[in-house]
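What follows are several structures.
Look for chain A in each of the two complexes below; its partner is chain B in the first and chain C in the second.
Now for the complex of A and B:
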C-alpha cells in the first residue's frame, strides 16, 4: 500500500520540477503579463508565453519528439516550413504596395535598413559565434517575426524560441527604441522636410507588381522562394480584386488560425535547458543592436541620397525601412508631426516599410544560400 | 476667397470638429482621420468661416479629397 502511494507520487510531475523550470514559469508569466496588461504584440506573445509554460511541465512530454502534441505542431508546422509561408500569404493580402510604387526611390531605404542585419552578423561572428547562429541573431534586426522563425528553424533551431521572443518584444518596443536614434541622427530642419506627392499608381501596375517581383526575386535569390512566393500570391489575390473571398480568408481566418499554431510551439521550444544559457542574453543583446543599427543605417542612407538629390527626402523615413509593419511607419509619422504638425509622413513611410519586409526576406534567403 | 481643406492621407473620418457657418483659426484642428490604426489630426490651412462640409463622421476618404471649404 505504502509503495503504491509512492509510485503514484513519483509519476506526478510535481516531484520532477527543477529550479530552471520555475524560472521559465516566471519568464512565461512576464510575457503573458506584458501581452495582456501592456498589449505588447499580444497575438504572438500570449501563445508564446503559454507555450513556454507548457514546455516546462515535467513528464507532460508535450515536446517529446514523435509523440508530444506541441512537438507535432512544431515539426509539421515550422520544421516543415508550412506556417511562416502561410503567415506571409496573409501579410501579402494585407499589404498595399501603392505607396512603394508611388515613390519607388524609397525602396532603397527599405534595403538600407537591412544593414543592421549584416553588421550584426559580422559582429556576432567576430565575437566567436557560429556563422549560422550569427545569421539568425542578425535577422532579428529585420524586425520580421515569421522570417526570423523561418531562418532560425533552418540554421539554428536551438535558438528559435529566444530569437522569436526577441524579435516580437523589440517590435512591440519600436516606439521606444527608434525615436532616440531618429532624433540623434537628424537635424530639426531635416525632420520638417515635407515630401512631394508621389505619382498616381494604376491598378494594372499593382497587379503586375507581385508577378514581376516574384520572378525577379526568386530568380536572383531562390532560397527566398517559400516566403516570397506566398507573400506575392496573397498580394495578387488582393490586387486582382476578383477573388475577394480568398483575400479575406488569407488575411483574416487563415492568418488567425496559423498565428495560433505559430506562437504556441515557438514558445514550447524554450525549455529550461536550452534557454537558460548565457547565449540567450547575447541573442537579446545582438537583437537590440541589430534593431538600432538598422534604424540608423536607414536614416543615414536617406541623408546620403539627399546629397545627390534636388528634391530632398525626409531622412526620418529611413527608420521605416525596419520592416515592423506598420509600427515603424507610425513612429516615423509621429516623430515627424512633433516637429511640424502638418507634415503627414505616414503613407510615404509605408513605402520603405513594405520594401523592408522584402529586404529582410531576401537577407534570409542570402543567409540560407550561403550557410544552409 | 474659398480655400479647400484637403485630406492629407486616405483613411476614415473618426471625428469632425467643424460645421458650416463656424469660424476657424489657421492651424486649428478641424477633424481627425484614422489610417493604419492611427489617429491623424487635420488642421485648417487658413483662418476663415467654414462654408461647406463635404464629409461626415465615418466616411472613408481618399488622399486629396476635398473635405470642406473655408471662406477667408
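Now for the complex of A and C:
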C-alpha cells in the first residue's frame, strides 16, 4: 500500500516541475492572454501558447521523439514539409493578384523589403551567429509565418518556436511598428501622392499568371518549389472559377485544420531547456530589427524609383512590401489617409503586399540553396 | 564574414532577378492574354 502510494507520487508530474517550466507556463499564459484578450494573431498565438504549456508538463511525453502526440504532429507535419505548403495552398486561394497585375512595377517594392531580411542575416552573422541561425532570424523580416517556420525547420529547428512566436507577434504589432518608420522616412508631401488608377485586368491574365509565375520561380529557385507550387495552385483554383469546391476547401476548411496542426507543435518545440537561453532574446531583437529594416528598405526603394519615374509612387506603399497580408496594406492606407482623406491606397498597397509574399519565399529558397 | 557577405549579395541579387523575371512574365502574360482574346474574337 505504502509502496503503491510512493509509486503514484513518483510518477506524478507535480514533483518533477522545474522553475524553468513554471516560467514557460507564464510565457504560455501571456501568449494565450494576448490571443484572447487583445486578439493578437489569435489563430496562431492561441494554439502556440497552448502548445508551450503542453510541452512544459513534466512526464507527459507529448514531445517524446517517436512516441509523443505533438512530436508526431511536428515530425510528420512540419519536418516532412507538409503543413507550411498546405497553408500556402489556402493563402493562394485567398490571394487576388489583380492589384499587382494592374500595376506590375509595384512588384519591386516586394523585392526591396527583402533587403531587411539580408541585412539582418548579415548583422546576426557579424554578431557571431551561425549562418543558418542568422538566415532563420533574417527571414522573420519577411513577415511571413509559414515561410519562417518552413525555413527554421530546415536550417535551425532548435529556433523554430522562438522564430515563429517572434514572427507572429511582430505581425500582430504591424500597426504599431510600421507607422513611425513610415513617418520618419517620408515627407508630408510624399505621403499625399495619389496613385493613378490601374488598368482593368482580364480574367485570362489572372489564370495565366499563377502558371507562368510557378515556372519562372521554380526554374530560378527550385528550393522554393514546395511553397510556391502550392501557393500558385491555390490561386489557380481561385481564378479558374471551375473548382469552387476546391477553392472553398483550400480557403477555409483545409486552412483552418492545418492552422491547428501548425500552431500546436510549433509551440510544443518551446521547452524550457531550449527556449530559456540568451539566444531567444537575440531572436526577438533581430526579428524586430528585421521587421523595421524591411519596412524601411521598401520605402527607400520606392523613393529611389521615384527619381527615375514620371508617374510617382507613393513611398508609403514600400512598407507593404513586407508580407503580413493584408495588415501592412491596411496600415499603409491608414497612414496615407491621415494626410489626405481621399487618398485611397489600400488596393495599390495590396500589389507590393502579395509581391512581398513571393519575395520572401524566393529569399527563403535562396537561403536553403546556399545553406541547406 | 566573407561567406556571409557573399550570401548577402547573391541572395539579395537573386531576389531582384527573380522579381524582374516575374515583372517580365506579367508583361508577357498580358500580351498573351490579349492575343488569345483577340484570336477568340476573330474566330467568332
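The criterion applied here is as follows: the second predicted complex is superposed on the first by the 372 of 372 C-alpha atoms of A that agree within 3 Å, B and C clash if a C-alpha of one lies under 4 Å from a C-alpha of the other, contacts with A are read in each partner's own complex, and residues count from 1 in each chain.
Operating definition for what follows: a residue touches a chain if its C-beta (ideal position, glycine included) is under 8 Å from a C-beta of that chain, and two chains touch if they have at least 3 such contacts.
These numbers come from a predicted model, not from an experiment.
A.B. asks: Using the superposition on chain A, tell me whether chain B and chain C clash or fit.
C.D. replies: fit
A.B. asks: Comparing chain B against chain C, which has contacts with more of the residues in chain A?
C.D. replies: Higher number of touched chain A residues: C.
A.B. asks: Looking at A:114, would you say it contacts chain B, chain C, both, or neither? Reply first, second, both or neither.
C.D. replies: second
A.B. asks: Name the contact category of A:290: first (chain B only), second (chain C only), both, or neither.
C.D. replies: In the superposition, A:290 touches no partner, neither chain B nor chain C.
A.B. asks: Quick check for you: in the superposed arrangement, does A:363 touch first (chain B), second (chain C), both or neither?
C.D. replies: Only chain C is touched by A:363; chain B is not.
A.B. asks: Could you tell me if A:236 is touching chain B, chain C, both of them or neither one (first, second, both, neither)?
C.D. replies: Neither partner.
A.B. asks: Going by the contact rule set out at the top, does A:208 touch chain B (first), chain C (second), both, or neither?
C.D. replies: The second partner, chain C, only.
A.B. asks: Looking at A:266 after the superposition, I want to know if it touches chain B, chain C, both of them or none. Which is it: first, second, both, neither?
C.D. replies: Touch status of A:266: no partner.
A.B. asks: So, A:324: does it touch chain B (first), chain C (second), both, or neither?
C.D. replies: The answer is neither, since A:324 touches no partner chain.
A.B. asks: Check the superposed model and tell me the shortest C-alpha distance between chain B and chain C, rounded to whole Å.
C.D. replies: Minimum C-alpha separation, chain B to chain C: 21 Å.
A.B. asks: Go through chain A and flag every residue that touches chain B in one model and chain C in the other.
C.D. replies: The answer is that chain A has no such residue.
A.B. asks: Within their complex, state which residues of chain B touch chain A.
C.D. replies: Result: residues 8-10, 27, 35-38, 40-41, 43, 63-64 of chain B touch chain A.
A.B. asks: Can you tell me which positions in chain C touch chain A when the two form their complex?
C.D. replies: My answer: residues 1, 3-5, 7-8, 10-12, 14-23, 25-30, 32-34, 36-37.
A.B. asks: Show which residues of chain A lie in contact with chain B when the two form their complex.
C.D. replies: 197, 326, 329-330, 333-334, 337, 341-342, 344, 346-347, 350
A.B. asks: Show me the residue ranges of chain A that touch chain C in the complex, using the header's touch definition.
C.D. replies: The contact residues of chain A facing chain C are 100-101, 104-105, 107-108, 110-111, 114-115, 117-119, 121-122, 125-126, 131, 134-135, 202, 204-205, 208-209, 212-213, 216-217, 220-221, 355, 358-359, 362-363, 366-367, 370-371.
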